[in-house]
Amino acid sequence: MSYILTTQCADDVGLIAKITGLCHEHNLNITRNNEFVDKDAKRFFMRTELTGEPQSDFLSQLRALLPEGAQLALHDDTKTKVVLLATKEAHCLGSVLLKQFEQALNIEVLAVIANYPDLEPLAKGFDVPFHVVSHVGLSRSEHDQQVGDLIQSYNPDIIGLAKYMRILSPEFVGRFENKIINIHHSFLPAFIGAKPYHQAFERGVKIIGATAHFVNNELDEGPIILQDVTSVTHANTAEMMAKMGKDVEKTVFSKALQLASEHKLFINGNKTVVFS
Amino acid sequence: MSYILTTQCADDVGLIAKITGLCHEHNLNITRNNEFVDKDAKRFFMRTELTGEPQSDFLSQLRALLPEGAQLALHDDTKTKVVLLATKEAHCLGSVLLKQFEQALNIEVLAVIANYPDLEPLAKGFDVPFHVVSHVGLSRSEHDQQVGDLIQSYNPDIIGLAKYMRILSPEFVGRFENKIINIHHSFLPAFIGAKPYHQAFERGVKIIGATAHFVNNELDEGPIILQDVTSVTHANTAEMMAKMGKDVEKTVFSKALQLASEHKLFINGNKTVVFS
Amino acid sequence: MSYILTTQCADDVGLIAKITGLCHEHNLNITRNNEFVDKDAKRFFMRTELTGEPQSDFLSQLRALLPEGAQLALHDDTKTKVVLLATKEAHCLGSVLLKQFEQALNIEVLAVIANYPDLEPLAKGFDVPFHVVSHVGLSRSEHDQQVGDLIQSYNPDIIGLAKYMRILSPEFVGRFENKIINIHHSFLPAFIGAKPYHQAFERGVKIIGATAHFVNNELDEGPIILQDVTSVTHANTAEMMAKMGKDVEKTVFSKALQLASEHKLFINGNKTVVFS
Amino acid sequence: MSYILTTQCADDVGLIAKITGLCHEHNLNITRNNEFVDKDAKRFFMRTELTGEPQSDFLSQLRALLPEGAQLALHDDTKTKVVLLATKEAHCLGSVLLKQFEQALNIEVLAVIANYPDLEPLAKGFDVPFHVVSHVGLSRSEHDQQVGDLIQSYNPDIIGLAKYMRILSPEFVGRFENKIINIHHSFLPAFIGAKPYHQAFERGVKIIGATAHFVNNELDEGPIILQDVTSVTHANTAEMMAKMGKDVEKTVFSKALQLASEHKLFINGNKTVVFS
């Protein structure tokens, strides 16, 4: 069997030796390993691909070797469970559903939840449950409560905001801490907030981009996972930029989910560690 | 109304002046113009975006001003009609169908024809007619005849080979001359033929790519429309490269169809002129 | 002989027809043409490569055909005269001097002026005059006056700020209006001001960049000419980003000067039109 | 002190544990580690950044833990010694000399050897010894002998072919086995041999590239180190492609030397392992 061991803890001397030594004792063969030490934060991150069959006490033995408070997980190849939130735009949602259909992601999309019904045919076409939770007539808090309860009923590992054009309440973000991945249609930190392509057009930039990030309680300010860009010219209107940007958004968004599903993604304060 | 005028003819002095002068006489306002002269081949290419209402004799007057044999067309915003051929892989087909759903392409996919039934759910999910024409028990010529007749019944402007894993007979290619766009999963002319990702892995390249090209009767040798690449490392197996390459393939393929639909694509001998 | 005609004026119907028509009358053959209409600003921009020998009244005839206030210029292949300002960093300065040595730019670097002597060996190695104008003991205004006088004695077409780490006074900027090209070491408008790589590191971005722009009197706010980016990871410190960014900076800076020297660059309010 | 430990050997279980365990015993702190197992070739590669002070028997103890024939090296921060060979083109040579001047590479260029005198001013400008060894009147074997003797007198770690437009004799290649890095002006394996930009132009490709590779005795066939590309269009002549390609060539070449100087480069049969 193949496993992925993820380790995050306070930095210390000899951590790699201790972890790989224990793997060796348990006859676990390391086929790939990545590690990173954040020297400022004194944090250690490691992702280890293993083959073999770990005994039931492997993780507890490992924990005993590591500094207190270590975050350890041993993942088999179970698919990462994802609920996607959307509004009216199809490209990010469709891109993930298509990749799931292609079996290109180790992801199972449990459901799509949207505040408008427009994307129902797309979800249905891929045989994925689709729920409308309209925000009309509800306070933000009430709407977030309803959406959150529905998400929770699916118990996903990750919540993907596939161009979900709603500001999330702090309660909602807190309820799914470190689980929400958003795609923002600019090269953050440029053009935070609304209508980034119009802002980019007004400023006359020559490159536009998209940013996948974890969501925290500051608008467009969570830990950045992935960014990509594309060139534009003076001849591109804001509308053309928006259209061109969609290709970047969908690629960045689905790659961010892929990184999560491959356990390559660690949150490190307001940043991420990405073993790509 | 908006129009796109495409002109291709032998080069001559004053062609831009003649064409734009006639537009001006007809009160057609030029909003965008691209031109190219192939000095070796002595060929002139021009694409002109116009607003206004051309009189019925505009094209005949224009033809009279240009060298004999000029290829002229005036396109309104009618969608380009496309038939897609596929086999079993979903990514290129799905990418175009998704973009059509998003209304991101000025394209109407009339039908999908495949030699296996695997992709029927994908086409059906997007409400596009799907036909299986199995090659089993047929000669290449018979199969191509059946597929060709079916295509012809739809009378498309463009035939897109969305990872159609069949060698086409010269008769088929001749029947749809200059209308067939293929996606090849390598950075041509490197790795012509079968299993390009395995060839790339064996050679130890650090970048892989994909190529959209018009099909003629030499394998992977038609005029190149568009290419794109992605980086790989020593850690990527041929299978990983194939997976990574799919994202490039789908992007290049759908952009090539988009260029065709926007009348930005001209064939110039064994090359293309692309006004992107 | 080859010429480049640049035209900028209020938009009007038939401008392309008028300009290309006059070229045709004068037996000037158009070998390449680019035009752009800014529909919001109602401005017309055109760059025309010509072969032939224009008569002396060509420009005055052309002016008579165009809206009042048209900016017209007919450039032969004379090299663009550049003075470069620098401080201590070698990469942008050296990159331009090397390209001049390679004869890869249609540019003549008349002189290098720096506020420190460190780069003298580099300039001398390429046989380019080097002047130190130290800012020590001078007010900003006095220093800018001395540097400006020295620049003026060379009468350059373009002043390139090759990592000149000084804030310019409004008087200096006004004195060389629309002639100063700066390279900023971030992907503007992200990370305006000091230490952009440290800002980028703190924010945890996954892509860094550089921006060449015309200088006006708002810090890092002039019309953007060109931008480029490179990927970074969690493993890159601010210092590593600064080192990686230098390759982007030098490329973007020398390409911006190249665009200027090829007369492909137009200022359009707070933006640029770039016919690349 | 900082060290870089490079290990290459037959694959075995527990190698990472053994190596990192010994480092831990010797109080060597691992600040960065990369490893790769080629499963087909059953080869193990590892690069380890260490701080601390290894005892004199560290390497011999390490060797005793590893499979027979292991290639081990412990590098301090001594600069990699390089001799550059050139002909007439300045861009690759100049780029490395400039980076050395900037102190951007951990490289010391000991000398430049060319078969023409054209680049002497460039080398002299950077205070680097320049030797002309003309091939006129010599057989290939005689010329290679003279050049080789001169190189050997400098005893470099790496020989960089900075657009050295000579075919090397098998004797020369054998004399400096695994030490010669070439820059080829195409995206290999496309356009092997002479005039790759002309080949690219004839084929009508939309992307051109450059390849840095170790030299062996098959033309343009050695292990590939690094590749990069740039986009071209129908409007680019072969000459324009050659000019555009130079920027890619110089970047790829100097980055390949940088990888060598940072001990990130391993030869693995006809491929490389690059820990970038």
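Every chain is named by a letter (A, B, C and D) in the order it is written, and numbering of its residues begins at 1.
Keep this in mind: a residue touches a chain if its C-beta (ideal position, glycine included) is under 8 Å from a C-beta of that chain, and two chains touch if they have at least 3 such contacts.
Note that the structure is a prediction, hence the values are computed from the model and not measured.
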item: Intersection of the contact lists for chain A and chain B; value: C, D
item: Pair joined by more contacting C-beta pairs (B-C or B-D); value: B-D
item: Computed distance of Cα centres, chain D from chain B, in Å; value: 40
item: Separation of mean Cα positions, chain C and chain B [Å, integer]; value: 37
item: Residues within chain C bordering two or more other chains; value: 32, 235
item: Touching residues on chain D, where the partner in the complex is chain A; value: 13-14, 16-18, 20-21, 23-24, 27, 29-33, 35, 37, 39
item: Interfacial residue positions of chain C with respect to chain A in the complex; value: 36, 38, 187-191, 203-207, 209, 223-229, 233-235, 268, 270-274, 276
item: Chain C contact footprint on chain D (complex, rising order); value: 32, 89-91, 94-95, 98, 101-102, 104, 121-122, 124-127, 235, 243, 246-247, 251
